[in-house]
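For reference, the structure is listed below as structure tokens.
Going in written order, the chains are labelled A, B, C and D, and every chain counts its residues from 1.
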Amino acid sequence: MINKQVSTPAEAVADVFDGATVMVGGFGEAGSPIELIHALIDQGARRLTVVSNNCGSGEVGLAALLKAERVAKVICSFPRTANSTVFPDLYRSGKIELELTPQGTLAERIRAGGAGIPAFFTPAAVGTPLAEGKETREFDGKTYVMERGLKADFALIKGRTADLHGNVVYNKTARNFGPIMAMAAKVAVVQAESVVEPGEIDPEVVVSPGIFVNRVVEVAHPAHESELVAAGVCYP
Amino acid sequence: MINKQVSTPAEAVADVFDGATVMVGGFGEAGSPIELIHALIDQGARRLTVVSNNCGSGEVGLAALLKAERVAKVICSFPRTANSTVFPDLYRSGKIELELTPQGTLAERIRAGGAGIPAFFTPAAVGTPLAEGKETREFDGKTYVMERGLKADFALIKGRTADLHGNVVYNKTARNFGPIMAMAAKVAVVQAESVVEPGEIDPEVVVSPGIFVNRVVEVAHPAHESELVAAGVCYP
Amino acid sequence: MSPQTQEIGRTREQMAQRLAQDIPNGSYVNLGIGIPELVARFVPEGRTLIYHTENGLLGMGPSPEEGKGDPELINAGKRYVTANPGAAYFHHADSFSMIRGGHIDLCVLGAMQVAQNGDLANWSTGEPGAIPAVGGAMDLVAGVKSVYVITQHCTKEGEPKLVESCTYPLTGLGVINRVYTDLAVIDITREGFKLVELSPGIDFDYVQQRTGAPLLPSS
Amino acid sequence: MSPQTQEIGRTREQMAQRLAQDIPNGSYVNLGIGIPELVARFVPEGRTLIYHTENGLLGMGPSPEEGKGDPELINAGKRYVTANPGAAYFHHADSFSMIRGGHIDLCVLGAMQVAQNGDLANWSTGEPGAIPAVGGAMDLVAGVKSVYVITQHCTKEGEPKLVESCTYPLTGLGVINRVYTDLAVIDITREGFKLVELSPGIDFDYVQQRTGAPLLPSS
């Protein structure tokens, strides 16, 4: 009998430690695991390195985690957001480090980390400031930059449905970074709108096989970042 | 209006040229696109380089293509099969070249070729004869071998259902190399048991998005290699 | 030389419409945020394009009706979209495999500067106070088969955006194939900028004066 | 020294049964072709293991009834299998990401030779006439967290399979953690082969005589 379900978001993130690297799923608000992030704020871990495509908006979810000064460094492709001043303020005041990575390179680095590939070559960013200091190499007459795989201690991910073995399916474009972050993290935590018995998800449509997922927690009615921001919510 | 359907396997492989690199899906008989391979035998292209996990069994499908001496080289992880003498005979008599590649490295090379990654590092085969002559490198104290991405002119793939845009779903373990070979080939040809209108495959369950697939052909009742071999069939 | 106005040359919509004429039926297309997005409105009757958005959807459809948006169905600009019949969802590594692997036929982007050798700068002014953010632009220009820029010919201050060499931080080296502006359509060739077509009412000298490098006449 | 027979030490089934005791509940396991496959039959009551087969299935179940096999549902040994509730299918690159990325807890393989430093040779005799074939063995030993070998202690000719250093072409360097044979269970340690447990009725000297390198007693 295998059962990866935990009862609450708090339980799901209880062992995140100071200095941990945490991948946080989502592209914009789609797929942002807000309840897990809020549980992490409550939990109190500090000096985190966060790997995420964006840095959140308003003062909820990821932006709230940053605002609470729990994050020492972000590895990110697009930290700017129309309606958030949290990251810009922290960055300008030198309170947060940024490793800016092209979006596709970020995705591939995460996938490589999960796939046991320590390094690979990509044409993206060659000749730009984002390739400065990195090794480049020619293959078949074209120049590529070497990029390293990325791993994490934890990944916080939002799915649609998960089963007790940790198999996950996602909802539309909320899939984005979830499947690859689950691969790259030692402990992948998935919040899903429903948690079902093994066998209820067709094996042909599973997106994240359970081997990549360590904990699942049911959050039946997850909040949406834009709605919280529109309502003026600030967490906590 | 987009319609990638062609009428027959013959039409689907009509432009395979002498000397082409052809990826052939399947692991053992599961996912082996027998009707497309037989059409390729009829078509007559020679001096092919075939990328495939195995080399077929009996004298049908891939083994028949080899037997017809259309293949100059195979890139393969496991060319031996219990009930086939075709590859062993050709290999021993020096009529075919073999590039032996570990199965996971083969899969990753194909995926890399399709993903625009010219080279990557893997721990597999380090210190073995299959890494001889290849560049090795240490990352974080562990040794890896550099492997190159693989591309092809054509891929022959077996799916379960395809739509007119080229979206494909597969059947069980017949999925194997299909999705990555579709990515790595200039022209990916998929035979499917049914070809349907766009919209009939749920966008959440598509395995090969249509962008990777150039032609689809309906083969409603595909043959299974083991059944043909058991019946003593030799193609042509 | 006075700053250009919308009264001379093509409007944003006309630029998008002009570009849309040049995209063949069945193309897989990624449209950047801003003017590039307008291109989808002007695809000629009888042609079907398939839109890729790098956050994980192929077969993107138009925006939904007001109030019908789904926060989990958005595009790379983080706006609500829809999915057309024949669409597919996928994760980010697969999405950028489509980009990096050369599977997307055309990408249309905005630009801060395009150099005569095809270099593009479109992600950063390089100012010390700016918050750096790059998104998928570097991957798109490095991987997509053809990359078109759609932009005003000059900045609001009247400075040329088509330049001898970029002064802003680069997005990619020698990656742009063609530029559509309010004044002209211009190819990037081995010899540099080459006129394809002038906008109605615009003459060659007018464009050359507003271009920061030599412009070859159309052949 | 006469060739060993099945009358002394553990049978193949007993070896598999012994190994099965050591696999914790919930482990993700890949079983090689041959004796390793037998392990699945002997998993103790109350434990659930999830079987990975590298051709693209997690949650592999037992063989179907005779005549009920599906040619598109096979394992890495190309035999008909079934899928348990909670199973998932995936493509080969994803399957070997599970292997290479260290997600699989245990792999059980056969061996031609295991060296005292953990080197494994199990894919080729290196003979000139042999048809080379490697499959997924090199990926498995390089990526899986623990790699156990299950094998007869000696070859049919009575030669030790546990050796000072492998003479056959290698599958991987320093990759084996433990060996289960008909005669003993032996760990690979920094100091070399170390006895964990003798098979019933077997004594230390008997095993040492049939082992090609020093065997440390159990501690």
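The definition used in the following text is that a residue touches a chain if its C-beta (ideal position, glycine included) is under 8 Å from a C-beta of that chain, and two chains touch if they have at least 3 such contacts.
Quick caveat: nothing in here was measured; it's all calculated off a predicted structure.
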item	value
Any chain in contact with chain A as well as chain B	C, D
Between chain B and chain C, centroid-to-centroid distance (C-alpha), Å	36
Euclidean distance of C-alpha centroids - chain C vs chain D, Å	56
Averaged-CA centre spacing for the pair chain D and chain B, given as whole angstrom	29
Residues within chain D bordering two or more other chains	57, 83, 89-90, 93, 96, 99-100, 143
In chain B, residues with contacts to at least two other chains	108, 111, 115-117, 122-123, 170, 172, 204
Chain contact graph, described as a line, ring, star, complete graph or other shape	other
Chains that touch, pairwise	A-B, A-C, A-D, B-C, B-D
Footprint of chain B on chain C - complex, ascending	25-26, 28, 46, 48, 50, 52, 57-59, 83-90, 93-94, 96-104, 143
Chain A - residues contacting chain B, complex	108, 112, 115-123, 137, 139-140, 142, 144, 148, 169-170, 172, 204-205
Of all residues in chain B, those that touch chain D in their complex	27-31, 53, 77-80, 87-88, 91-92, 98, 100-108, 110-111, 122-130, 170-180, 207, 224-227
Residues of chain B touching chain C in the complex	1-2, 111, 113-117, 163-165, 167, 183, 197-199, 203-204, 206, 209-212
Residue numbers on chain D that touch chain B, as the complex places them	53-57, 70-76, 78, 83, 89-93, 95-96, 99-100, 119, 124, 129, 131-139, 142-143, 169-173
